[in-house]
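In the two assemblies presented below, chain A is common to both, partnered first by chain B and then by chain C.
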Partner chain A sequence: MKIDILKHELVPHHEILSEEEVEKLLKTYNIKKEQLPRIRIDDPVAKAINAKEGDVIKIIRKSPTAGISVAYRVVSKEII
Partner chain B sequence: MSKTTANALIKRGLSKKLAEKVAEKYTLAALEKLSDAKIKKEFGKDAEKILKVLGRKVEEKKVKEKKATKKKKEKKPAKPAEKKVKEKKVSKVKEGTIRERIIKILENKKEYLPVAVIDEMAEKIEKNGLEEKLEKIVEKAIEEYNRHLMDPYEACGMVAAQSIGEPGTQMTMRTFHYAGVAEINVTLGLPRLIEIVDARKDPSTPMMTVYLEGAYKINRDKAKEVANKIEITRLINIAEVETDISNMKVVVKPNLKSMERKDIKMDDLMEALKKLSKVEIKKTEDGIEIHPQEGNENYRELRRISEEVKNIKIKGIEGIKRAIIRKEGDEYVIYTEGSNFEKVLELEGVDKTRTTTNDIHAIYEVLGIEAARNAIINEAYSTLQEQGLNVDIRHIMLVADLMTATGVIRPIGRQGVSGEKGSVIARAAFEITVDHLLGAARRGEVDELRGVAENVIVGQPIKLGTGSVELAIDVKKLSKIKKVKE
Partner chain C sequence: MITASKKEIDKIVFGLLSPEKIRKMSATRIITPDTYDEDGFPIEMGLMDTRLGVIEPGLRCKTCGQRVKDCPGHFGHIELAMPVIHVGFAKTIYAILKSTCRGCGKLLLDEKELERLRKLYKKAVERGENTSYFVKEVVKLANKVSHCPHCGREKLPIEYDKPTTYREAGHKMTPSEIREWLEKVSEEVGDDLLLLDINPEVARPEWMVLTVLPVPPVTTRPSITLETGERSEDDLTHKLVDIIRINQRLQENRDAGAPQLIVEDLWELLQYHVTTYFDNQTSGIPPARHRSGRALKTLAQRLKGKEGRFRSNLSGKRVNFSARTVISPDPNISINEVGVPIDVAKELTVPIRVTPYNLEEMKEMVRRGPNPKPPAGVVYIPGVNYIIRPDGRRIKVTEENAENVAERLEVGSVVERQLQDGDIVLFNRQPSLHRMSMMAHKVRVLPYKTFRLNLAVCPPYNADFDGDEMNMHVLQTEEARAEAEILMKVQEHILSPRFGGAIIGAIHDHISGCFLLTYKNKEFSKDDAIRMLAAAGYMGEVKEKMTGKEIFSKILPEGINLEYKAKACIGCPTCVKEKCEYDAYVIIKDGQLISGVIDEKSIGAFKGEIIEYITRRYGNSAARDFIDRVTKLGIAAIMVIGFTTGIDDEDIPEEAVLQINEQLEKAKKKIQDLIKAYEEGELEQIPGRSLEETLEMEIMRVTGRARDQTGEIASKHLGMDNSAVIMARSGARGSMLNLSQMAGCVGQQAVRGERIHRGYRNRTLPHFKKGDLGAEAKGFVSSSYKKGLTPTEYFFHSMGGREGLVDTAVRTSRSGYMQRRLVNALENVKLEEDGSVRATTGEVIQFVYGEDGVDPMRSIRGKAVDVDMIIKEVENE
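And then the complex of A and B:
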């Protein structure tokens, strides 16, 4: 039986950004994609939402201090 | 008298004299706890000023307080967070009006406040009927919020390290403790904190909290059923095993009572025994006889069979030594000694959304890096809380962010995050000096003197701080400047 990990309370909401959104994001912070934190391509959540290498994933976390906080991770293959 | 308290009060706008007077009696935290009336009694005509700096009037004191380290991270997600708020508020019609207005004001001012603050403001404004002063309140909140943001260049990692480290010195060295009435042994205190930060593969005392769903949650017998499926039962737990040397056989005498308690049938037992190799099994009236294969009937073989029989797994999940049921509120929860996150989640009756483990690597493997980040925060924070140490959660969030930034869990320390120094001098200053210097000389390494340690060694001012920038001159543009001057 396969379980739906996206429903687990430890897993925040993940969504793949479209290309325009990525561009806007990188422009806002004036950074390159490589400067974002990473998520492995074989990460269970990345697999579950069918992310491809180079995709930027927007993560909407529940934060005890801010209520909701948003973070981004870029899908990456290499291990550093 | 606490100098920090006095300074903090002065910073908030109290006169020096009054601040010192207040600080003589109370710390900032104690002051916050006092009721309005008590303050008025204590300080007479100065009370109003004190109340004002405490933020009592404006009803948003929560925004204040806390350390200056606050909200460094929350600043980033400005725009997207607001969007989320809009989506959310549609469902809450009545509250939405004030929230909407707050958000509108923020939009007009091009400012940002975290959702939690907006929520709290909306709630309190509504409760106290302060709607006419809305604009002023929001303005004040923005002002306070921005004042408490971390400055660029602030060494937030250093602050986090010290904020966790100092209370850490007061942690108990006694490591074992019984968690609640369940008598489950868990590592707590400093050893546990080190375990989390070092990202050890297996925690020294793995433990799971298994929540149940549906009927399993309220019915004790059903909960017991799940617990039996989780807890590992070996043959030795439900039967006696005797070795009969004179007749060259191993006799298994099942204990029917304990079999019934664990909900195991005779067939299950036989099924499990069939897995044994090189034996002949006979069922007799009062038990099961196991003979070695013909031609191989010696003492050593008998010993081997006896040991193997005792350890046969009949039921349960590998790795889980004990499962205990406890009633919490109106539901039954199973606590286990030992952990096997993946397998337990697959069981019927287990709540797949809440069940958790203290094995962070297991969470990473099953639920991914973001869940692991949450697990690190939860575990580290509860370890500190349990010891009665109040460390601001933002410091721990920073640590968890750093540990998970590359997509895998990296330990803090020499093998992980802080061990990746590029500088030869920094590495040499830390350990095995000669080897590092020799190796660097042979390879012809260059030290750019970017880090802290190497600059201290050569006697230069250090560079530190998050978001620090280096200035450089664009030579092409330089020529343009000249032209203007001419």
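And then the complex of A and C:
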């Protein structure tokens, strides 16, 4: 039996950003892709949503301070 | 002037010094262990040879021809008679010996495996990954091999004895053998040394076995001349003397063809000295000691640890324009001020640039000299210690030349004026755990010898006056002063960035005073009211008779509205608000205190609701003003009303004592019953606990309840007319638990959360029977502090108390280290203008600070908005 980890309540919502969205994100923060926080390519969620190296993942979490918080991570092969 | 260099460091390469390089950079070979001749002149080719630099004024360095200050010092070298292992590389040598063949010097890996590792290594380098773990991999693989895959020689097991002994199949290898082996390795292995984390371009393995020892310049190990004229050498010099002596003896013995045994002994001794020369705390060997028995401070000791070069000299430096002395309280100065002793003020200076606009004023000030006589009625006026002329010359102002210097003072000079009232200084108390440990204060020059500070700023500094000392730093530039005034002044720190509440506020007597003033609407005569309000700086009118709440309302800002529960609130199930029988529901309407008593919750440090509200609503200056006034009012009130406490505050009537004894007897009886039930096996077991644990838990519950009950009985007889109770209820000092322990009973003593059980076999003390599980035998203290403890009770109490002491000692050291690690990890993280948190490299740590972008200092106890407060405010309008 295989469990869909994306449905687990402790796993926040992940989605892969489109190229335009990535462009926009990098522009708003005025950064390069390498300056984003990273997520490993073999991260269970990254595998579950079929992320490829270099993709940017948007993570929407519940936050005790802000209610909902958004974070972005770039998929990376490197050991962090 | 030093101009900023535009060069940027691209990379740093660390390598090993080769013997050739050591010889090449050496100014001279050192052969004699003696330092100075009879005339006190450095001996040639000795450890203090003038070619290694000079430390005595007057002499010239033979290498560079410069004098003491300009000569940087030069290295020398010692030719070792026999090679020795460098301890710093002992582990690396072990790894090489384990992974290479003694016969052919090649890596003990077959070509296929080698090729695989090479590829992996190349990839890792391309990705910029750490390559140091390849060593482990190579050693692991080589370990599996029994014969060399290249020459077929049998691989013998290598053992390593700390710190510098290696054995091949039980036979001890000499450093010479090891060096030969390593030479072979560097020739055969070549670029594959990278897999062993060695860069063959800058480090050849055989250089890890020393044949030549560099001798550091004399400037790194200066000798000091004692008052008696005797010379005392640096620890490093002592160590080098040892090395040269043994080296000489080894050479002589070997050349004379002494028996192998003697040579080997000397060789080992040389190894010991060279090892301790590098690190005198090498595990496995005794540290080299001075004649007095003190361990020598050698190279590693100079760098390592808290007192080492890094933490003590590079990360932390000493500063000028600072002062340190004992602190004492002064309730009459503002929280923004600090009282500075005259002696300190005369020593510390502020630089003032002379301009056409202040020329005359400055001339007048310089004319006063360094020791001006204050005019009648004034205790202090600032003088001038130095002036700096436009050409950079520094002139000390003395009483004799003051007139002269003043006349010749010109625009562009700098006058170093002594401190005066209103100067901005930084004030600090260690340990500086948070930013409130260093705040800016305005100077008040006062007589006597201590720094004075307002009692309300004790909590952020965590200061008291049992001998605490604090440091003061005088700011030297206009920018620094402006920054300190805007960001660091005490009033800017009334709200804590930790939880958004006040951390500066009233303490102790301020709270008792305000409590007495406002409790149950006492009435005061005009005389008393004037006395109190004048102290608080109130200027308006005073009625014939005033209630305490009316008096307190006079120092509240106009139009303030607040509603909250006081500290005295006991948390009734349904709150009756203003009709509270304890007067614990505070209502402030339109600047008037309508109901409720003012206690810790209103004005106290860490809790003060009123202070918090004023700071947010009316600003820092208003809050500072309120704190200054409320503390003065509190003290005035406590002086008018009168307040004292003593041990007789814990006196309780005879009947209460009887009641308490009765309760204690009952509890002991109950414990006996529990024990009986346990022994007869009738005790009902708590799920998940053993029978013994169940018994212990039940007993702990009984003893805990017994203490609470005695406390209740005691506090029933201690009313609000009791000073100790007033202090406890208002939150000024002490708690009801403290009181019940003094008046009722101290209660169960515990070590590690259990009743006391350690000591003799099956019992805690020889006063009890073996296996006694009763209350007294296991650390229940039924006496009160006032009555006094029995000897056995006293002993158990000491056990419990000791645990508390040990806990605090352990906690402080552990949390200190934790904080150090956190600071080191987070020191380059900062908040950017766009609200994101980033490292200095620009990497994003958080996209929005704290996920909600709220500055906790400006939040309301962590929340961005206080909805209830806004609703109430709207309702009021």
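Here is the rule we use: the second predicted complex is superposed on the first by the 80 of 80 C-alpha atoms of A that agree within 3 Å, B and C clash if a C-alpha of one lies under 4 Å from a C-alpha of the other, contacts with A are read in each partner's own complex, and residues count from 1 in each chain.
Methods note: a contact is a pair of C-beta atoms (placed from the backbone, for glycine too) under 8 Å apart; a residue touches a chain by one contact, two chains touch by 3 or more.
Bear in mind the structure is a predicted one, so any value in this text is a computation, not a measurement.
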If we overlay the two complexes on their shared chain A, which of chain B and chain C does A:Pro37 touch? Say first, second, both or neither. both
Classify the contacts of A:Ala66 with the two partner chains as first (chain B alone), second (chain C alone), both, or neither. both
Considering only the touch criterion stated at the top, classify A:Lys58 as touching first (chain B), second (chain C), both, or neither. first
Report for A:Glu19: first if it touches chain B alone, second if chain C alone, otherwise both or neither. neither
Name the chain, either chain B or chain C, that contacts more residues of chain A. B
Based on the superposed arrangement, let me know which partner A:His8 touches: chain B (first), chain C (second), both, or neither? first
Classify the contacts of A:Val45 with the two partner chains as first (chain B alone), second (chain C alone), both, or neither. first
With the touch criterion stated at the top, can you tell me which chain A residues are shared between the chain B interface and the chain C interface? 28-29, 37, 63, 65-67, 69-71, 79
Chain B touches which residues of chain A in the complex? 1, 3-5, 7-12, 14, 28-29, 37-40, 43-46, 58-61, 63-71, 73, 76, 79-80
Give the list of chain B residues in touch with chain A in this complex. 70-71, 73-74, 76-77, 79-81, 84-85, 114-119, 345-346, 352-354, 356, 363, 365-371, 374-375, 393-394, 397, 401, 404-408
Partner chain C, residues of chain A touching it in the complex: 28-32, 34-37, 63, 65-67, 69-72, 78-79
Interfacial residue positions of chain C with respect to chain A in the complex: 127, 129, 834, 836, 838, 841-848, 850-854, 862
